[in-house]
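Only one structure is covered here, and it is reproduced in the block below.
In order of appearance the chains are A, B, C and D, and numbering begins at 1 in each one.
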Amino acid sequence: MKAAAFDYIKAQSIPEVLALMREHGDDARLIAGGQTLLATLNMRLSEPQLVIDITELAELKGIELSGEYLWVGALVTHTEIENAPLIKKYAPILQAAAPHIAHRAIRNLGTWGGSLVYGDPAAEWPACSIAVNATMVVRGLQGERRIPACNFFVDLYTTALAPDEILMGTEIPLANAKDVFSFQELARRHGDYAVAGLAAVAKKTGQALSDCNFVFFSVATTPVAAVQAQNLVNGQAVNAELITAAVAAARAEIETMEDITNSAAAKSHLVGVLLERALKKMLAD
Amino acid sequence: MELNGEQFIAASVPAVWRGLNDVAVLGKAIPGCEAIERISPEEVHAKVMFKIGPVRARFAGKLLLSEVVEEKSCSMAFEGSGGAAGFAKGRSRVELISAEGGTLVSFTTEASIGGKLGQIGGRLISASAKKIADDFFEAFAKELNPLASEISNGGES
Amino acid sequence: MNKPNDLAGLVLDPVTADQRYIGESEPRHSAKRLLEGQGTYVDDLQFPRMGHVVYWRSPVAHMRILQIHTAAARNMPGVLAVVDGVQMATICKPWVATLSHLAGMKSAPQHALAIERACWQGEPVVAVVADTRAQAEDALQLIEVEWEELPAVVSMLTALDPETPLIHPELGDNLCFSRTLDVGQVDAQFATAEIVAEATFGFGRHTGVTLEPRCQIADYNRGDGRLTVYHSQQAPHMMQDLYCRQFGLAESDVHVICKDVGGSFGIKVHAYPDDFATVGLAILLGRPIKFVADRLESFTSDIHAREHQVKGRIAVNKQGDILAFEIDDLTAIGPYSMFPRTSAIEGNQVVNLVGGPYKHQHYRAQLKVVFQNKTPTCQYRGVGHPIACAVTEGLVDLAAEKLQMDPLAFRQRNVIPDDAYPCSGASGIKLEILSHEQCLRTIEKMMNYTELRQEQAALRKKGIYRGIGFAALIELTNPSAAFYGVGGARIASQDGATARLDPSGVVSIMVGVGEQGQGTEGIYAQIAADAVGVPITDVRIITGDTAVTPYGGGTWASRGAGIGGEAVLLAAQALQENILRLAGAILQRDTAELQVRRSQIIDKATGQAVLPFSEIGRIGYFRTDTLPNDFKVDLMVTRHYAQRDYPFIFTNGVQASYVEVDIDTGFVTLLKHWAVEDCGRVLNPMLVDEQVRGAIVQGIGGVLYEECLYDDSGLLRNGNMADYLVPMANEMPDIEVAHVQTPTASSQLGAKGAGEAGTAGAPAAVMNAINDALMPFNVKVFEQPITSEKILRALGKI
Amino acid sequence: MNPKIPLDMIVNGNRVQAQIEPRRHLVDFLREDLGLKGPHLGCEQGACGACTVRVDGQIVRGCLYLAVQANGKVVDTVEGLTAQGALTELQDAFMRRNAMQCGFCSSGMLLSAAELIEQQPQATREQVREWISGNYCRCTGYHSIVDAIMDVLEA
């Protein structure tokens, strides 16, 4: 299992990357963490002419506080997220989710941005990015634009990123004392792709939850928010009946997709179980 | 793997039928189609670049039409070889039903993906196939009725 | 001494005078280099002019090969050769893998590279050889095979239906082998029994996934006509014999070397088409050829195992005595019986082993082994035991439940008593000496059974569903020639060892059984050190080389300790005798007055050291002039051992599993696992313990995670390491192991095998624990692997 | 057509310069070009961990990292870490506990364990199990490996 031959360029600047992408189009691939790309290349399920290494681009690195946002650069690794005090303070659900991503050796290389732009429906970060209302900052030759995470993941492995654009990083609104969250993931083995997962974030006042984001992953072709369940819960005091209603709503509204060992029916069932657990956990916090 | 669906297209049954039999239209509608030619009334050959997530595989394939009932229904057998990456094959039954303001295209497909692609891609093969079908019909509808499809796609991206 | 006893309690009589190593947890001194990255696995070897081969394998389950276009590939940089089946067949004969003692068994001729048809996804069709692996893969992409897909036999359930196409028309049907066994009055027993329980058990197809893939370097020297094969393999002499026969070479011209092997588990005891093809290429090209299976081709070309469906029932009277078992086993083995061990053995073992621990006298079994267009199956760790055990123990639990009798008490009542041996099991198997009763007593203590049941009941009230599952088992080890030899397979059941005193006084041991990681070299060093009488640091073990070691069968059927170990003991004892005789000649004293003690000859009477081994070596090799003329020095001796008292030496044991089932998600958490194992004399508790644990974890893989998933057209859907789930550390429980030691009287050592019982019992124990946890809901799952999906369905949640 | 690329890095404390094909992953470079056979290839898809090596002090999957990416970086393999004595305690514990059988996973397992001991010196048995669950061992029951790592953590 050896990759087909390709050329390699270590890019020194964003404009250089964008120019190369324009020049080579789909014959070029960007490599950040490379934890998906390299496996694909080894298996010859992709044979680019050119691999553009963006790992040295400082603009894509770092976790920083900027005004009312937390900036998480596209090249920030899963391990950095796992360990960063800023994440713990301002986007704690990311820290809760990180250990579920594969294994340490992979988290040391795999990146936040790489995971977002692949948009694997089973991946943790796309769902989390929606749950925390992140904004994707993308740059193309025409300049920069901002895409809310909730509009970023348009279809299976398909994002709103244009072929000649790259993801610079994300802006994440800062979590405060009122914010509660629950990250739920069911995987057959630790680090495997989830059978079903949920990134849930809300604001809590007393027993009432508001601004709810219940974003499921590995159940459909993209991460998917249970909008009706969110609306049911928003601003309400959460009690047993409401939980039951929200669970029913989520099961009804999400069109689940089977995977190799789990039926769509099982995933629909698990959607409800995870939501119930998340709601109870957020109330308990 | 089974893939069944219905797709409304804002164009008349004859127009849809012509489209389905017009390699120029098909060429624009088939996702990743790089070349397409009609060998005989029943046989079409195509080169398609299959793109899904990190995967890229160039398929050379042929499509065989049978049980053709003008402007109503037909069966297609297709097989494509992606070289080292694997192959895809299957058969599909397509029916056109006249509907309010256009045509309902219903299809039932039985397909299998073999070789490496099947061995690795199992997790998302059926989702990928569904996406390809959706993309095809979206583009197909655009071809037949640009205006209608643009409206239907309003709000995208 | 041939009676059960606890390791904790009675210690066995020593095998040797001044025994210092046998029975101790001595570390594997030779393994240190593995921890320092200094092992020598086949892929680590590089030779001048070495070519790398990759294979174009059938992408479909069944196809007719129409035309093969190789011109483009031949013209790629670095390409040395492109060879198809027709060319390969000019030097390599086809084979048919059957055994004459499996009456009526049939299979079809198989070639190293497919000719005319390929019969499973992954069958090698074309070989491409280049200077580097990457170049070979570059060229492989340009191989164009025109093929016509043929109808595939996928489901074993319909393989024998008249409308199902025949894979090999010349065989007349898709039936490889069938067997019926009918002992006692089974119908009468079931007709009159107060309690009858039945179930259908499913076993998913799985595979061994050795971490080191199958690999090999074949080198044919045209100068002397000798073939040297470096192979990651369990049976070097068997492969030597097969290469001779398929290529028409003389044994003396074929040299098979197995250095470090990165796990085998039965996967590497078979002769694969690509093994022969790689050797064929070395002969055709006259240069070393390396084949290393990549992980994707491992999944479609390594043997698979365990695809069975077994209908079973058990008859019990109301006092709780098991009266009879009946089973009907259907299994599918792929398109060919695997060479040379055949693929009918697994099913045959199921027939022999069901009901094994129990004293019922009535038993009927039916077996059908069918062909299908999937990867061939063959012997993989446990060979039939995990299936037989899950069926037996699943039925036993069903019966205990109907009786409302505690499952442990029910087993204690029904196992063959420890004082009943030797005896025969209902299937006709000969049992020398087992210790079920004592093992059950031991595990009951070990797991605090009563307290555990109380905890389970208390938690159940809180809506936490835990289950306890047992599996009593027997395992066949130390096989005689009855296993393969009598069936005409040239697979040695005997094994040999050579012991040599080197001039400096250190001891070299050459053994036919090789090291696969289980620690055989470690225990051989322990045995040799004690039996010759030297410190273990003065012993070197050499294995896995047909030019160096005595002829032997290698590693399979848990025979390394029992057969190989006994051969080492016999050779080492003989060497000690010769050393004493030589010492007598040197000292001009009666040998009877002398004794060996720790590399010294001592005076029996005074205990005084009179002659060091180094001196014996010096005189024995360099100063024979100082010895009496009629004295023959012999400081290198070879002994062979074959177990001939029984067809097999059975071992026994019991396992218990404690699990928690999340009834909302169907997820199972393994909380704890216990195993009590009687492998006779325990040569090294530390090695045996982890062998047992590793085997248990492989069994857990089968019951919870592992399955080769195929689609309706016979294509593998999860043939990669991310989607085929092998057990990882996080989900595995801590595993407590204890021993009962009932030595076999068939050898001085008294050791039985220990490598497979864990795999045999774990699936049954975990399955029973899950079903025990589900008891309040009155549902059960008998389909392995038991996934959350299946549990949720059983619970009616989906 | 695809020019080789110059490479300049530190491997096990020694400077290494080479010209290599960009497609070569790090473990092929270490094994085939430098003869460092300690890291093994078990799957080449990042699932098994047998190829685990250290780059700039962090463990990575050597099969999911291009050798050219290691340009200017510091790479350590089991061979180098053994020579430096960095792994001695772990290796002794693995010997003592028989925490290896065929040894094919050992170099990766040891490097993963070493990073755990660095990052989580207080790790519990459960945390050890979770951490090494990226390293596949088909021979042992993992029990002895966990025992060996706990020995070092508790030492």
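Here, a residue touches a chain if its C-beta (ideal position, glycine included) is under 8 Å from a C-beta of that chain, and two chains touch if they have at least 3 such contacts.
In this text, all values refer to a predicted model and were calculated from it rather than measured experimentally.
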Quiz item: Once you count every C-beta pair in contact for both, which comes out on top, A-B or C-D?
Solution: C-D
Practice problem: With chain centres taken as the means of their Cα atoms, state the distance from chain A to chain B in Å. | Solution: 30
Self-check item: Intercentroid distance (Cα basis), chain D paired with chain A, Å
Solution: 28
Quiz item: So, what's the distance in Å between the C-alpha centres of chain C and chain A?
Solution: 44
Quiz item: Listing for chain D: what residues touch at least two other chains?
Solution: 21, 23, 44-45, 130, 133-135
Practice problem: Pull out every residue in chain C that's touching 2 or more other chains. | Solution: 134, 141, 294-296, 709, 717-718, 720, 722-723, 727-728, 730-731
Practice problem: Please set out, as single numbers or ranges, the residues of chain B touching at least two other chains. | Solution: 84, 116, 120, 122-123
Practice problem: Throw together a list of every chain pair that touches. | Solution: A-B, A-C, A-D, B-C, C-D
Quiz item: Which chain D residues qualify as touching chain C in the complex?
Solution: 21, 23-24, 31-32, 36-45, 47-48, 50, 77-79, 82, 91, 94-107, 110, 125, 128-130, 132-146
Quiz prompt | Complex contact set, residues of chain A against chain C | solution = 1-5, 43-44, 186, 188-193, 195, 260-263, 265-266, 268-270, 273
Quiz item: Which part of chain C faces chain B closely enough to touch in the complex?
Solution: 59-60, 121, 140-141, 149, 296, 299-300, 709, 711-713, 715-720, 723
Quiz item: In their complex, what parts of chain C are in touch with chain D?
Solution: 25, 27-28, 31-32, 34-41, 43-44, 46, 134, 208-213, 260-265, 294-295, 516-519, 686-687, 689-698, 720-722, 726-732, 734-735, 758
Quiz item: So in the complex, which bits of chain A are touching chain D?
Solution: 1-8, 10, 31, 34-35, 38-39, 41-43, 51, 53, 55, 79, 99, 102-106, 108-109, 189-191
